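Single-structure report; data block below.
All chains are identified by letter, namely A, B, C and D, in their written order; residue positions are counted from 1 within each chain.
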Amino acid sequence: MKRLLIATGGGDCPGLNAVIRAVVHRASQEKDWEVLGSIQAFNGVLWEPTEIVPLDNKAVSGIHFQGGTIIETTNKGGPFAWPVKNGDGTWTTVDRSDDMIRKLQYLNIDAVINIGGDGSQRISNKLYEKGLNIIGVPKTIDNDLSSTDSTFGFQTAVQVATEAVDKLVTTAASHNRVFFLEVMGRDAGWIALNAAVAGGAEVCLIPEIPYDINKVKEALEQRFHRDRGFAVVVVAEGAFPKGGMPVFEQPKEPGYENRMLGGIARKLMTDLKEKGFKPEMRETVLGHLQRGGVPVAYDRVLSAQFGVKAFEMVLNQEYGKMVAYRHPEFVAVPLSEAVAKPNLVSMNNALVKTALGLGICLGT
Amino acid sequence: MKRLLIATGGGDCPGLNAVIRAVVHRASQEKDWEVLGSIQAFNGVLWEPTEIVPLDNKAVSGIHFQGGTIIETTNKGGPFAWPVKNGDGTWTTVDRSDDMIRKLQYLNIDAVINIGGDGSQRISNKLYEKGLNIIGVPKTIDNDLSSTDSTFGFQTAVQVATEAVDKLVTTAASHNRVFFLEVMGRDAGWIALNAAVAGGAEVCLIPEIPYDINKVKEALEQRFHRDRGFAVVVVAEGAFPKGGMPVFEQPKEPGYENRMLGGIARKLMTDLKEKGFKPEMRETVLGHLQRGGVPVAYDRVLSAQFGVKAFEMVLNQEYGKMVAYRHPEFVAVPLSEAVAKPNLVSMNNALVKTALGLGICLGT
Amino acid sequence: MKRLLIATGGGDCPGLNAVIRAVVHRASQEKDWEVLGSIQAFNGVLWEPTEIVPLDNKAVSGIHFQGGTIIETTNKGGPFAWPVKNGDGTWTTVDRSDDMIRKLQYLNIDAVINIGGDGSQRISNKLYEKGLNIIGVPKTIDNDLSSTDSTFGFQTAVQVATEAVDKLVTTAASHNRVFFLEVMGRDAGWIALNAAVAGGAEVCLIPEIPYDINKVKEALEQRFHRDRGFAVVVVAEGAFPKGGMPVFEQPKEPGYENRMLGGIARKLMTDLKEKGFKPEMRETVLGHLQRGGVPVAYDRVLSAQFGVKAFEMVLNQEYGKMVAYRHPEFVAVPLSEAVAKPNLVSMNNALVKTALGLGICLGT
Amino acid sequence: MKRLLIATGGGDCPGLNAVIRAVVHRASQEKDWEVLGSIQAFNGVLWEPTEIVPLDNKAVSGIHFQGGTIIETTNKGGPFAWPVKNGDGTWTTVDRSDDMIRKLQYLNIDAVINIGGDGSQRISNKLYEKGLNIIGVPKTIDNDLSSTDSTFGFQTAVQVATEAVDKLVTTAASHNRVFFLEVMGRDAGWIALNAAVAGGAEVCLIPEIPYDINKVKEALEQRFHRDRGFAVVVVAEGAFPKGGMPVFEQPKEPGYENRMLGGIARKLMTDLKEKGFKPEMRETVLGHLQRGGVPVAYDRVLSAQFGVKAFEMVLNQEYGKMVAYRHPEFVAVPLSEAVAKPNLVSMNNALVKTALGLGICLGT
């Protein structure tokens, strides 16, 4: 029997379980492969004792419509930065990658599929350079990878954000208010831009296009006549004013550790008020609601495609590569290139032109 | 022709439009009635010029599955507290109720249906005492009226909150975290309690049962073993510790004006951390997402029942009364009694016993 | 240790799993009780070997938001009508109730909770009369029990049917068509009536009110002007014309065994066409989509209440009884009375008055 | 002022309204354009009197999240096949295209955007050849156009079908049944294939791959062990056995005019039973539920892109062309080519390989 190990790293994302299920189902059609899962990324391998679970068709039954990942995930630890306590009680990190590779050999692991974001794929690449038979599956809910047409989880986040816009619109209209909906996107504004177009927002602010608060005010005021009217503003958490910096990069107020609770929406409200903007304003920070729950069908299909392709790359021994979608094919791209160039919104992107064409103010 | 005027006051609530549509449809079956809507509660009557719109079957077509209210709503103004500017630039309020009744007579209004919360129904009652033919339809998304078995909007809010729990559970489990979901409920914990039971939360904190932070910590720690495990805490915005007071009654941090962005979830996280609670914690404040969007079928049916009954009370001239649901009948109760006694959660309520029976910690 | 056995019988219904979970969670708080589940109603007890599974908190983790029942269900077999093959190859049934009671004693079962419809509760009652410590939990998606204010699964079915009306309305309006939506309800029209009111249908036909096809035609024609207009008709599968009989009681066309695929919608279309009705007509039979999937929050709460109450009836040894909801309490009613009187729609029900008040044609 | 006319033809499709709104919003940013809508495709132009409605931003407010089309649609009539009654009462069709072009000139229409399927675009092309300034927007819920990466409405249909699979799975598992879900797709199996992969079906039958009933039986029997087990089969309405023909092309049973009520699911059940397949089977025909309701965010974004691009093609006078999506750009392709080659499922398509990789039986 050959043994495949799967790990999921980084923030969770709708579709992770559907990828796992697809790998397991595909592997079950080969007589000589069995699949294992490492708990909490590679920590399950590194812990003593290890935490590694068998993954057969029964173990993955019905998980494709569950959010999250049944083998858990984490941003902490990993083979290149394992935390150890110094004698004086402080913490440092050590490189345990050789140790991990030895443990995988001991466990008779023939190949590894690592599902995760660019942090995880950088680890994949370094492990590949150390000789590990590893294949990457990209995971970024922000859809900010230029090496693949799309990534799973993104459409689910857009759907959740769009439904939030739909809900806020009726309240905004009934109360003559401006609603600020803060969505995910520290560096990339795709979720915000898609939700603004799908939901029919009046203003959309994203990290790639620093905004001018006066332009925002002007756009909103046009929607109000004698204090009547309403508007919805969709703002990515990483949006910032021209010459400014994102809220989450600024020093935190004490006790404020959860960046999901945003700040840019509140900042916009404060700044608009200071500038004399009259209508009532309210904010909603979507936060973790965008990551959880049942993936939309689009993401479930994409995840299945990624999972099956990843296992076939194992069969073909295309190690050191990552699965990518290049419509209408699924291809293998080198890990080294794969995470090299982010896919950010640019002013000449078709969706930007569409947003402007619909009359959505992008803050410029 | 006889003329009926409808107004909606207070915060918006899923089902308002379905009530309006039901009144209009029912009235359209009487040959001699026409229906008008006053924009922004009674302000549409008080403004110069008035803003009053005709409401026929075409005007209300398809509105039953829209959130909000097509005739808008507000918490400001009203006949008994109309804002006027003093000579020195400060504001005061005046009683314009006689003025309003005169205007209604001038407009040939024969009856009024006022859809709104207890503030609105107190206004209804005072107008009734001044001789106005007025009927109330209760609106409280918190379901905190003892005079009626249930009110519209509540089930929709519970559904939205429950779906949020469902989403957070998968992320909590994948990351071994505790999620705090802050939901509506300043005085009444019904939404929190229902969502906690429906969603399978581990802890539920409500205003009626001041919590002991040590009990909360203990309950959560039982869920975690060597930093593994997960939990969801549903907390009503008005929850507070034994001997404390609700966050929203405390002095606000500067610039903090939108109470929907809560604070109790954050306070819980801070307090637990201070007490040495180890697992990662995250918060989500549901806010306005609970008020907006398509009402669930239950609320649409309830709204239709309220609307039809309200118009029939007009036909029967049961003025000074409010429609109420006493399963399986819809009845008329005096406005004076209707808002007298709130319906709060008590320890011997069946749902409290069920929550405890499921093992949900209520903070005690 | 004491042992409780749970079984689910009859057609599946959203909320069954939430009842099971609630019983198990409640039981886990007593030190001396363990819970088992019999697979496929009582067949799991009757089979050789038995199929009985342990149900602890882990086994029921997350099942409250799953449709169906993890211990499976069936309409076949059971203690009083166990199928046996005769020597000539024909089948007959035998009474194995004594056998079953003996097996339960042998298995050290102290009490049984039987979740099921009136067929199941009749079995419960007969087993109780034979001395079994049994408690019933009512299950009828049609909400047709007079002994309880509501039953789980019903609101989910109404929600699914209402969303179907919402979908059909936009197509109907775009194409100037009449859509017939056939929903569950062989004897009781509650699902149809609620969905028609919630969805804003023009016509609603139910078993309790035999329809006059001419009245239906007239109501629909009023909606059309020079072949423009549209309408949605919600019809319960058991609806029938005055002097006629339900389609599902008529002799079947050969090979037609699945009554969920209806027939009354098609019959209405054929009959209207014969009478010269001009507009285009289309049908949709909702079928099993009404039974499956995630229960709405309302049903999940109701199921939890039923489950916790049922276990407390076990603790109190209130055997031979069934849990029932009498707002705002959950009570125990004798099994013998519980299924005695169905809850059917009558002309003076509040919802019928509301439907007529909205202008919905009920076929009369 | 210049005048743009929009028409929608063929079956309705989620996203039509979002295209209309996008065209209108984009046009409103040009000072010199106004937009009109022709009711029921081009019939609004051809009727006497005409039925043409003004479309400004207010008229299209909020329509992007409504299914259907506010300017109605039809499959009947049109400029090249206008029905006229002969003297003997029979009907024939006449070419009124010259008449229509004259009327458009008289109405001062400068350009036309025609949103519709291949029938509609063939009409667009013939009108273009007669000199009309016309631009096409493709509409096919089946996603079967090779000239564009995707079309709006398709993802919504896939989502609806996938949610139906999710619902049927829990019932199938609870009752140990096989469920047959019949979805749209007379010639193209994309909806079925996507829903089967997203929903985790066991069998998927599509028109492009004629099935072998013995292979279907075998695949299903593998899922059942001693009559336990369950399965979901997703079948496109146009699927047919090797050597056979689609049900909808066969002579109809009398009175059977609505092909949406399928037949292939029922045929499969009958044929399997005849071959001795034992487990219980049930069918659900999704029908019009796939076409209606709120479009998913993906389709709303795609529709907005199509609408804005279409108007920009008007500005650029790129007449005789159709908008198409070639990731990541939106381009103009000649109408003549655009509908030339359908996009059908082929055995070497990535999704087919994925389906097989997941272990889904495709009937071969």
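Going forward, a residue touches a chain if its C-beta (ideal position, glycine included) is under 8 Å from a C-beta of that chain, and two chains touch if they have at least 3 such contacts.
Note that the structure is a prediction, hence the values are computed from the model and not measured.
Enquirer: Computing the C-alpha centre of each chain, which chain sits at the greatest distance from subunit A?
Expert: So the chain farthest away from subunit A turns out to be C.
Enquirer: Averaging only over C-alpha atoms, locate the centres of subunit A and subunit C and give their separation in whole Å.
Expert: About 41 Å, centre to centre.
Enquirer: How many angstrom lie between the CA centroids of subunit B and subunit C, rounded to a whole number?
Expert: 32
Enquirer: Approximately how many whole Å separate the CA-defined centres of subunit A and subunit B?
Expert: The computed centroid separation for subunit A versus subunit B comes out at 35 Å.
Enquirer: Could you list the positions in subunit D whose residues touch two or more of the other chains?
Expert: Each of 163, 166, 169 in subunit D touches at least two other chains.
Enquirer: Treating touching as the only link between chains, describe the layout with one word: line, ring, star, complete or other.
Expert: Looks like a ring, each chain touching just two neighbours.
Enquirer: Touching residues of subunit A toward subunit D in the complex: what are they?
Expert: For subunit A paired with subunit D, touching residues are 21-22, 25-26, 28-29, 62, 64-65, 149, 155, 158-159, 161-163, 166, 169, 194-195, 197-200, 294, 296-298, 300-301, 304-305, 308-309, 311-312, 327-330, 349-351, 353-354, 357-359.
Enquirer: In the complex, go through subunit C and note every residue touching subunit D.
Expert: 11-12, 16, 40, 66-69, 72-74, 163-164, 166-171, 173-176, 179, 255, 258, 260-261, 266, 269-270, 281-285, 287-289, 291-293
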